[in-house]
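Structure first, commentary second.
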């Protein structure tokens, strides 16, 4: 599959940087509006029509703010940390296909690459926590390391289900495999686990423990100001968008518009991108909605949830998928018009999802 | 665990929380000694908001004191005023007219709702949810506007006077409150739906910061903190004042004295307050005097003597101790502030809790620093 | 799980509801008639002089000692055009200390001071100490916009 964007990779990455920056601006504005409306407020209203210029205004303000380094900070570590958070997250965008043609670099090991890079920004957060020489920052850094590493496992195992089904790590091929049925139908449990772990990877409510304002006052970010802080911020929202886009790619069918075969390439690209972005934005809205509703978990509960709930169930998901792939075809189909293995996957996945929901329910009730 | 003889030795980390920390609800400072995320010990420091109110009162007229009382517990002003003025009235040997008494109770109970709403919002923010704060303030705002129409100020009302009220309730007050009660109840239900059954909220609060009834009594806790531990102690019942004996309401109690019970008791109390307001509205005479004549304000003297009077504030047992030498000002004036006593329970509650629980436990005590430091 | 879903339903419903906040400087909530802003001094149009005689009772009872009041002989009394023997000479209120408690209104024997509806005093060059002409102006402005006299109608009952 050849790329049709007529630029060489360096220029494509520059374009991507501009796009990511603008996406972050839109997301911050969207989050403030959604949260405002959830709380019966108006959200930003002053700058521009309904405050749409609020995000650029904030960006300009942050650029002109003084970049402070505490006297006792470990200068190099402190000043390097924001970039080590942002760059891995930015790198994730490189291989996320918006449509088959709108992708910076289609990698054969795309999924592997993504999972690897999605956990790399822990280093930056730890460095920020350590380099600030602040106890809140240190606690926040330690918390984020513990959280992200624990959630990396179920994330990877959930993704393995997709890899088993599609037989590839190439994201474009994965989407092409979903031309008929999005993988959420075949992998309901995988989807749920991936969604939860993605929330944790993004550090969003209810897993915003590293940055908890009421406990560690911003965690690793506490000492940062000006542009360095803005880069953290950029990283957080970029990671939010990247994770949501990844979910769309892996489980929700990517750009595959139903019943839209036979269009000319430009129309289908535009249509596909719009379809992809609208699905992503719906997921983003869901994340904001969760933020407007849920309290925060405690760190030990978070870890218990990862190790006692998510990891066993992600194993279960993997085993079920493998079993259905190997033995499913020898069994009679459970659902009409559906391939036997597929039907077994759907049924077993749904049952496992219900089991998972019940287990979570039990768990939370027991602690209650 | 044996301590390694060579190499690394671990020490507990001291974390300074406050006085500017967002979760300390004011200017309270605590130094937490933590082992990882677990709290080993806690040193609370108070006094950042000390304004010498008790001493100030000795140089100000009997009514000037009310202005300062508004500012002690700055979330439940009407309740503070009520306590002080009932004490003064007892010393003067006067009693407010019936209409004024009902008006006072209505305003005090609405103020209790305002105060508990503030708790609800702040507690929600403590456990990490951002929306409860705004929901609570939405309801609070309705009542604040009502208070503004009554007293002219949103917070520092200065409305109750010895022998009655400053001026009559504004026309249409009763109808307005009547119209507002269902709205508040509906808002309360919304707040309830948002948080009370949320599993994450439950797992953050249930079993956290447990305090037995014996401990609570030993530490001098009062109000919702004490009632959450299962002691049905309410000054409105045990030592009734004003018209409370004639009113029908329940005293909600908790079971195990954890953060959730303290939260739940307060939510229930808001409903009870709505009930009390409803009853008062039904019984309040539509017309009538609102003030028993007492000497005009700057010249008012109180006979020599002393009195301790306590009432049930939103935060607990609020008491004033006044000594008069017959002058136009109190000779001595002391407060028993419930926040202060409740705050003393923080240290035992925090032991062995997680760092994140410290915030929740502090929030569940619902302290007002203006009242702790006075 | 169920509690979380209930919470989500609640926030979803609220999301579509009418907003309760207003955009403050463009849109204002009405002040209540009894609203207590900063105190202002009233003008006796009949005698063309302030009501205030400078008796200092408000100054003495102010809980924050934010007032400075001095008294002088009233020149109009000598002319016979006024019945006030003494008149206010200098009156200033430090508005950064004023807590808008209305004690001054309550203790005033001449009903010369009132709580205006003025509360927006923030500007880039705050002039926190307000003296007599400004105080009179504040009250005049207040009266021009609102004919409400907080806490005055019931004064006789007190």
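In this document, chain identifiers A, B and C correspond to the written order of the chains, with residue numbering beginning at 1 in each.
In this text, a contact is a pair of C-beta atoms (placed from the backbone, for glycine too) under 8 Å apart; a residue touches a chain by one contact, two chains touch by 3 or more.
Worth saying up front: this structure is predicted, and the values here are computed from it rather than measured.
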Innermost chain by mean C-alpha position
B
Counting C-beta pairs in contact, which chain pair has more, A-C or B-C?
B-C
What's the distance between the Cα centroids of chain A and chain B, rounded to whole Å?
43
Quick check: how many Å separate the C-alpha centres of chain A and chain C?
55
Separation of mean Cα positions, chain C and chain B [Å, integer]:
29
By the touch rule stated above, which residues of chain C touch at least two different other chains?
1-2, 4, 7, 10-11, 14, 20
Could you say which residues in chain A touch two or more other chains, in rising order?
38-41, 292-294, 361, 364
Among all residues of chain B, which ones touch two or more of the remaining chains?
131, 135, 138, 194-195, 198-202
Which part of chain A faces chain C closely enough to touch in the complex?
34, 36-42, 45-46, 289-290, 292-294, 357, 360-361, 364
Quick one: which bits of chain B touch chain C in the complex? Just the residue numbers, please.
56, 60-61, 63-64, 67-68, 131, 135, 138, 141, 145, 148-153, 156, 158, 161, 166-168, 170, 190, 193-202, 290-291, 296-298
Inside the complex, what are the residues of chain C that reach chain A?
1-2, 4, 7-8, 10-12, 14-21, 23
Touch list for chain A against partner chain B, complex
35, 38-41, 135-136, 139, 143, 205-206, 208-209, 212-217, 291-301, 361, 364-365, 367-368
Can you list the chain B residues touching chain A in their complex?
13, 15-16, 21-23, 37, 124-131, 134-135, 138, 194-195, 198-204, 206-207, 354-359
